[in-house]
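My structure is below; once you've seen it, I'll send some questions.
Naming follows writing order (A, B, C, D and E), and every chain is counted from residue 1.
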Amino acid sequence: MQEKLESLMQELALKKIASGEVDRVLAWKKGESYFDVSPAIFKESFDGFTYNAFCGANLSKFLVEETKKEGKVLVFLKPCDTYSFNQLLSEHRINREKVYVVGIECQGKLDINKVYAKGIDGILDIEETDSELKIKTIYGDKTVKKDEVFSVKCETCKSKKLVVFDEKIVLNEMKDNKEKRFDIVEKLESMTEEERFAFWQAELSKCIRCNACRNVCPACTCTNCVFDNNKSGIAGKANADSFEEKLYHIIRAFHVAGRCTDCGECSRVCPQGIPLHLINRKIIKDMNTNYGEYQAGETVTPLNPIVDFKKDDVEANTVVGGKK
Amino acid sequence: MQEIEKKEHKPLIVAFCCNWCSYAGADLAGSSRLSYPANVKIIRVPCSCRVNPIFILKAFQRGADGVILCGCHPGDCHYSTGNFHTRRRMGILFSLLNYFGIEKERTRIEWVSAAEGQKFSLVMNDFAKTICSLGENRRLEDLRCKKN
Amino acid sequence: MLKIDISSLPLLYEKIASLYPLVLPIKKANEVNYDKYSNGAEVSLFTLKTNKSPKDMFFPQTEDLMKFKVDGQKIEIIDTRKEAQPFVVMGVKACDYKAFEVLDRVFLVDPIDTYYKTKREAGIIITLACDRPEESCFCKAFNIDASSPLGDITTWKVGDKLFWKANTQKGKDLTEKIKDLFTEGDEKTVEKAKQEITETISKLPFSNIDVNALSKDEMLDTFKSDKWSKLSEACLGCGTCTFVCPTCQCFDIREFNANDKIMRFRCWDSCMYKDFTKTAGGQPRPTQMQRFRQRFMHKLVYYPENNDGLYSCVGCGRCVKKCPSHLNIVKVIKAFGGEKK
Amino acid sequence: MQRIGVFICHCGTNIAATVDVERVTEAVKKEPYVVFAQNYQYMCSENGQQLIKTAIRENKLTGVVVCSCSPRMHEATFRKTAEEAGLNPYLVEIANIREQCSWIHKDIEEATEKAIVLARTAIAKLTLNKPLIAGETGVTKRALIIGGGIAGIQAALDIADAGYEVDIVEKRPTIGGRMAQLDKTFPTLDCAACILTPKMVDCAQNEKINMFTYSEIEEVKGFVGNFKVKIRKKARYVDEKKCTGCGVCMANCPSKKGLNEFNMDLNNRPAIYIPFAQAIPNVAVIDPEQCLKLKTGKCGLCQMKCGAGAIDYTQKDEIVEREYGAIVVATGFRPIKLDNFNEYGYADNKDVITSLELERLMNAAGPTKGTLLRPSDLTHPKVITFIQCVGSRDVSGCGKPYCSKICCMYTAKHAMLIREKYPDTEVHVFYIDVRTPGKNYDEFYRRAVEQYNVDYIKGMVGKVYNENGKLMVQGSNLLDNEQITIPSDLVVLATAIEPDPSVRDIATKLTISIDTNNFLTEAHAKLKPVECATAGVFLAGVCQGPKDVPETVSQASAAASKVIGLLAKDKLKGNPCVSHCDENTCIGCSQCEQVCPYGAITYEEKEFRIGGGKTEKRRVACVNPAVCQGCGACTVTCPSGAMDIHGFSFEQINKEIEAICKR
Amino acid sequence: MEKEFEALIPQVCVITDIRKDTPDVKTFRVVALDGKKPFIHKPGQCAMLSIPGVGEALFSITSSPTQTEYVEFSIKKCGCVTEMLHSFEVGQQITVRGPYGRCFPVDTVFKGKDMLFIAGGIGLAPLRSVINYIRDNRKDYGKVAIVYGSRSADDLVDYKEIIDEWQKEKDFDVYLTIDREQEGWTGHVGFVPNYVKEVNIPNTYTAVLCGPPIMIKFTLQGLLELGFEKKNIYTTLELRMKCGIGKCGRCNVGGKYVCKDGPVFCMTELDELPDEY
């Protein structure tokens, strides 16, 4: 099935290029191993073109730079990526006319780190079936159920709806898993202040300030981030004191509030495994509860809850982060 | 007893007041001689919506133990909609801070009109009392800013 | 050669920690990094790859250089360097140990960086031979023998025992102080284990990397190669690779205006950041491709050129594992022909 | 290097009694860049100001901090002082050590400490102050008046009289507004038409006044001095220029069943009509909902009969774009709907009427030609009961919490007129309070009671019901403490008034604020009663709050004088403490545009150099400094930090925080 | 413990004189707290000046090593550090560390040579050190020609010194030019690269260039056209530098660290470096 999808995608890409409708294709490329996939531009050669369960990267942000270039680009977007795409359109960051969006099927992406966490290492190759990964390692062959190694963002998939596309390739029904979306946030809320503090202190103290979360985030498209801008008064590169990490992550979360589509890229790329999406998700939850349900990127609209207001909004003091 | 007195921490409170209502309210509190603790220090901003979350974090970093925002009552904003924005932003920010385990009571927002000198004084007294009972801000401190 | 039951390691940690600060891989919030040992810490000594390398112990991510007090026109400099107390770093793998040599050649050449030097002198390094290398490992490409690392003390995990061998005077002194925890170990067991490891390593997917086969073109030809733009196209410009790298040593010097003083500190910086070389006047490396190229040119060409052919990469594979876009030095080496034919 | 001077005011003993000014003076001398510090008895006095000026000159000061009372008190004073000494006025900061310090703290030690911190904070901020120069913009010498009632007419005449062009936009086919509907006016009882129509005619004849009747405001852009307004001229289907107002069309129109709005729907009018005889302009208009030709295509009688050939069924709405320097909002009022007041039986009984309906019934041009006949059977009512405060001063939520202000007087007027014209009529008035402040008002009311024997009953009416053709008014007489029922022939409700509903839409378009009762909010309740928070917009009449005619006229004249004052200027000086955008950082995300209450931010595609001789087109925010009022909402919304505000910049506030927290 | 010398720790120095050279260039005279010269340097070297709380920046030392009382820095206002420096008054303390970098080969290659110095704008700052060094060791060197241009007459740095001293020096030819005609200016008008060709210095001279990149580019072209050999052309590079001691990685170009291996480079060396400066 995976192969079918992949070959359909490639066929379409080739067709569109051959017809001259698009100039190039933004997709994923296989590297050294099955799970080693990078976003890549294909033009003449489609060597390494791939689409498998490890193609987690959200390609929408690449379009900010891509659409500044000449010619039209064909991009493959998974359902959650289409939300980011819409959001970027709302913010005038992408030139829609230069993109041909192909919405593609996604049955949830996997996290290789979770495979490692199962004690599987020395991986030589992986064979993917509908529900399993057959893993060949130097220490013997292993099998892992896919649903045990879903990447964090896919464990609680908010939606499998392709909100924007020019064409779509969907072979099978896709199921979301949004009921559990706020489970962990709620769990944190039910902790005491002290426990929550301990939790975040432990998580954030791991931060190495590599900026991967920021640089991958489709909502963070500033060319001159406040954390790089000496005039902002908070510019910094160092996680100098435990305060710095908190400042960084709080301000970053605040800056993407209302624009974050909950794509989960921040958590996917964090080299220290910090569940950063839980910060953004808390804001989303608060906004949903207090200011009405809102999903960034569902439509193209610049009016999000953080720039909007109602005259009878709840008082700020009553919005709480959790238990006392 | 003596030891407790020695350890007593004098909290620092930063109050952001909008120029049109709350700062005027504070002035009224002043001209009505309604006192509030001296450790409440006011920063004048044009509107409560000028208060960037960064300012609040910065205040904590620099050693503030509590931060309070005062603005015109919703609907009475000099700029018509400023405090509505403030209300949402701060709702989200304060909740997020609390989510990080920072005591909810350390941050507060109050609507104080130019006529409410009394309220201003009451609010500040109450807030100072709350912060006093919470003690020193430890969860959002920057050790580099501590005296050594 | 000494040995100790792995089950007794907690005793060993306690004992060392009672003598010197002890740093070793500790699991915190699900991730393993080098951290100071304290009672109750979840030690994960045998984790092959900590997220961050132990370079942090000698070249911390953030380090105060000095303080200033300013009073009117006057400036007072307060030297914040402290006399370094001995400390122990345990569980250092062969690749990470080799990385110290790479760093030494930067920080210990004239003018010597005393911040680094004092820590380097004070540190007692206990290395650990790898017993279960991963697919991302390729230290062999740089002639590093993962089965017998150096250091003040070398340790091997064989079965349920940890074998212990002091190499230097520092190592011997430490061993002397804690030797009652050990029993005599058999050299042969270790030799056998070493062989097994070497064998496993040869099976690793990256064992076909051969840096000697790297194209011996003129440096400027490599520089001008059109491969770079393809290689770097998915680069996000984050600093993950540089910060997890055990040999990357770029830093920034910044100041922090604290309440009563100005602190000048240095912190890791990354050549992948777009503001790294940016000045008011211009930007010598305006594109991400150029920054990406700089990093790998430095590791594979510039550094060896200045350091008798020593590469500024030790094959630890952290960047392979951690890059958000799966770009890494292996792909670069292979693109420039560094593969066994 | 900056050279800062600090001036500490004793304010007599107001400050000096609790703050050790000498110590503050010594302390601030140690702050960076401070080269001069002095304390003085009264800084704001002539001598104090002179002292500052001298110090600025002698010490070549680049900035001044005055530690004194609230900046709301004397910031402007000291800025002017600095300016006179050649220093940019925005290089002055005030440390509020009176209201925020000496007046509220008793302990000298504590107060002095705090004063030092406050001074330090002001100094810290000042180090980042930039000289600001207020921008200047031109002024379009024309005013727009929204609403053609007495307020609009008066304002228009006043402004035109000063020599400026005025446009009146009135949504109805004629100007005149509510006053035109009135019969007589209190307290002099002269006929409303007699005093209003000459003014209407003046408007029509004044060269400077341009009327857009049957028109609405479509869009407002721009800012004080430079508003750009789109006006929708609704299709009249009658050529204004050709129509002579002869009325032949009205006579011939077969569709005569339209409700006559001018007569409060008490009688009918044809589909083509002129609202009333003295309408200005005296031009017919076709009601498209009612016109057979427009609805079915069959008819066309009026066109055939019109001698002037003015009828044009193909007419379309027209959008006119005009520029203005100032805008007066005078949208007026309407009586509230009585849906919430079933107890008065208004819906069920034709003979329960509102006061405004009574006006029409008593007016010679009204449905009964001025004879007071009750609507149900057109007989002369013998007993008339007035009920006051219907929907006014009502905190139950059914009506309005405010006093409608005019009801007491017009009820007295009605009662008096009825008693005068029909002495055989019995008139009762139920009232809660009779409020008659105003010149000759109470005398007027007393005449009603004393001279005309109107029966004023203090008490509320519980119910009005029909019993055998009589309207039974059941109420309480509080003074006698008894329940009474008055069988009446006509019941007149003194209905509360509310702002015309069109005001909401206008408020949105002009970005002016509205209170909970839909009245427009003035900039200051006492000191700026006709100004709006939005510069260049002024208020007149009931849209701002209940008013009677004399009050409305005075407010209209006040608004007009403000407009004249504005239009008399060739250049307007703006507030320089406004937002600005760092175009190199801006990413064009549009968030700031969303939060700006003034529409001061627009986006432009601009070309930027990106190095290597290349350029890139980017969308960036542009702030119109003349429109921006400097609230700062955009600065916080901006994720990139490109937006900042002069006078309260990011760096300045950060610096203040640092200074305050320094211990 | 006697703490070891640490290259990153500066010394506190004091500004003893400030001279305004042009509208945006000031020359600062700096001595150590004991009133002596803070360090011994060679012509072409740089030092790191810093204002705590504002920042640190690298500046070329303008005074000649033969000046034994003090060091001088000519600084153009262009960033936050320089702006602050410009606002300073005499008596202000700053911190200084250095000297850093490789100097001009005054004791080797330059010895006995005829020298051609070409500078544009503030580019004269590093050359002034060499020129004055040569003046003070006149016998060791051949003829000296100086071509110096600026936007306008007001922007000619050290103009007084040039007029008063350099022009009077034996075997010194000073050629001044400004970009555009200006009232009161009787000298040459035109861009430096063109002027260099016009004055026609024999190509046996050893040339030292310093100025804005665009000037360097065209002047170099001109010199090559005149038959100068690349090995006889020197210039200085300016990149973002932080540590000044070849460790922080910022000024890395190819195998070189500009702060340590430069800033003085011979054209032949630059040809071997990637074009990232």
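Here, a residue touches a chain if its C-beta (ideal position, glycine included) is under 8 Å from a C-beta of that chain, and two chains touch if they have at least 3 such contacts.
This one's a predicted model, so the numbers in the text were calculated from it and none came from an experiment.
S.K.: Starting from the defined contact criterion, work out which chains touch subunit C and subunit E both, please.
M.R.: Where subunit C and subunit E share a partner, that partner set is D.
S.K.: If we look at subunit A and subunit E, which chains touch each of them?
M.R.: Chains touching both subunit A and subunit E: C, D.
S.K.: Could you let me know which interface, B-C or A-D, is made of more C-beta pairs in contact?
M.R.: Top pair by contacting C-beta pairs is A-D.
S.K.: Can you work out the whole-Å distance between the CA centroids of subunit D and subunit E?
M.R.: The computed centroid separation for subunit D versus subunit E comes out at 67 Å.
S.K.: Subunit B to subunit D: how many Å between their CA centres?
M.R.: 34
S.K.: Starting from the mean Cα coordinates of subunit A and subunit B, work out the distance between those two points in Å.
M.R.: Here subunit A and subunit B have centroids separated by 36 Å.
S.K.: Using mean C-alpha positions as chain centres, tell me how far subunit A is from subunit C in Å, no decimals.
M.R.: From the centre of subunit A to the centre of subunit C is 30 Å.
S.K.: Taking each residue of subunit B in turn, which ones touch at least two of the other chains?
M.R.: 53-54, 58, 62-63, 75, 81, 85, 89, 144-145, 147
S.K.: Could you check subunit D for residues that touch two or more other chains and list them?
M.R.: 595, 637, 650, 654, 658, 661-663
S.K.: Of all residues in subunit A, which are in touch with two or more distinct other chains?
M.R.: As it turns out, subunit A has residues touching two or more other chains at 226, 232-233, 240, 306-308.
S.K.: Let me know each pair of chains that touch one another.
M.R.: So the chains that touch one another pair up as A-B, A-C, A-D, B-C, B-D, C-D, C-E, D-E.
S.K.: Quick check: in the complex, which residue numbers of subunit B touch subunit A?
M.R.: Result: residues 53-54, 57-58, 61, 74-75, 81, 84-104, 108-109, 139-144 of subunit B touch subunit A.
S.K.: Hey, which residues of subunit C end up touching subunit E in the complex?
M.R.: 65-66, 68, 70, 73-77, 79, 81, 83, 106-107, 111-115, 117, 219-220, 223, 249-253, 255, 257, 262, 264, 266, 269, 271, 276-281, 284-285, 290, 294, 297-298, 301-302, 305-306
S.K.: Please output the residues of subunit D touching subunit B within their complex, sorted ascending.
M.R.: Listed in rising order, the residues of subunit D that touch subunit B are 70-73, 96, 98-101, 103-107, 110-111, 113-114, 117-118, 121, 511-513, 515-516, 533, 577, 595, 597-598, 629-633, 635-637, 645, 647-648, 650, 653-654, 656-658, 660-663.
S.K.: In the complex, go through subunit A and note every residue touching subunit D.
M.R.: Touch residues, subunit A against subunit D: 68, 90-93, 219-226, 229, 231-233, 255-256, 259, 302-303, 306-308.
S.K.: For subunit E, which residues count as touching subunit D in their complex?
M.R.: Per the touch definition, subunit E meets subunit D at residues 87-89, 92.
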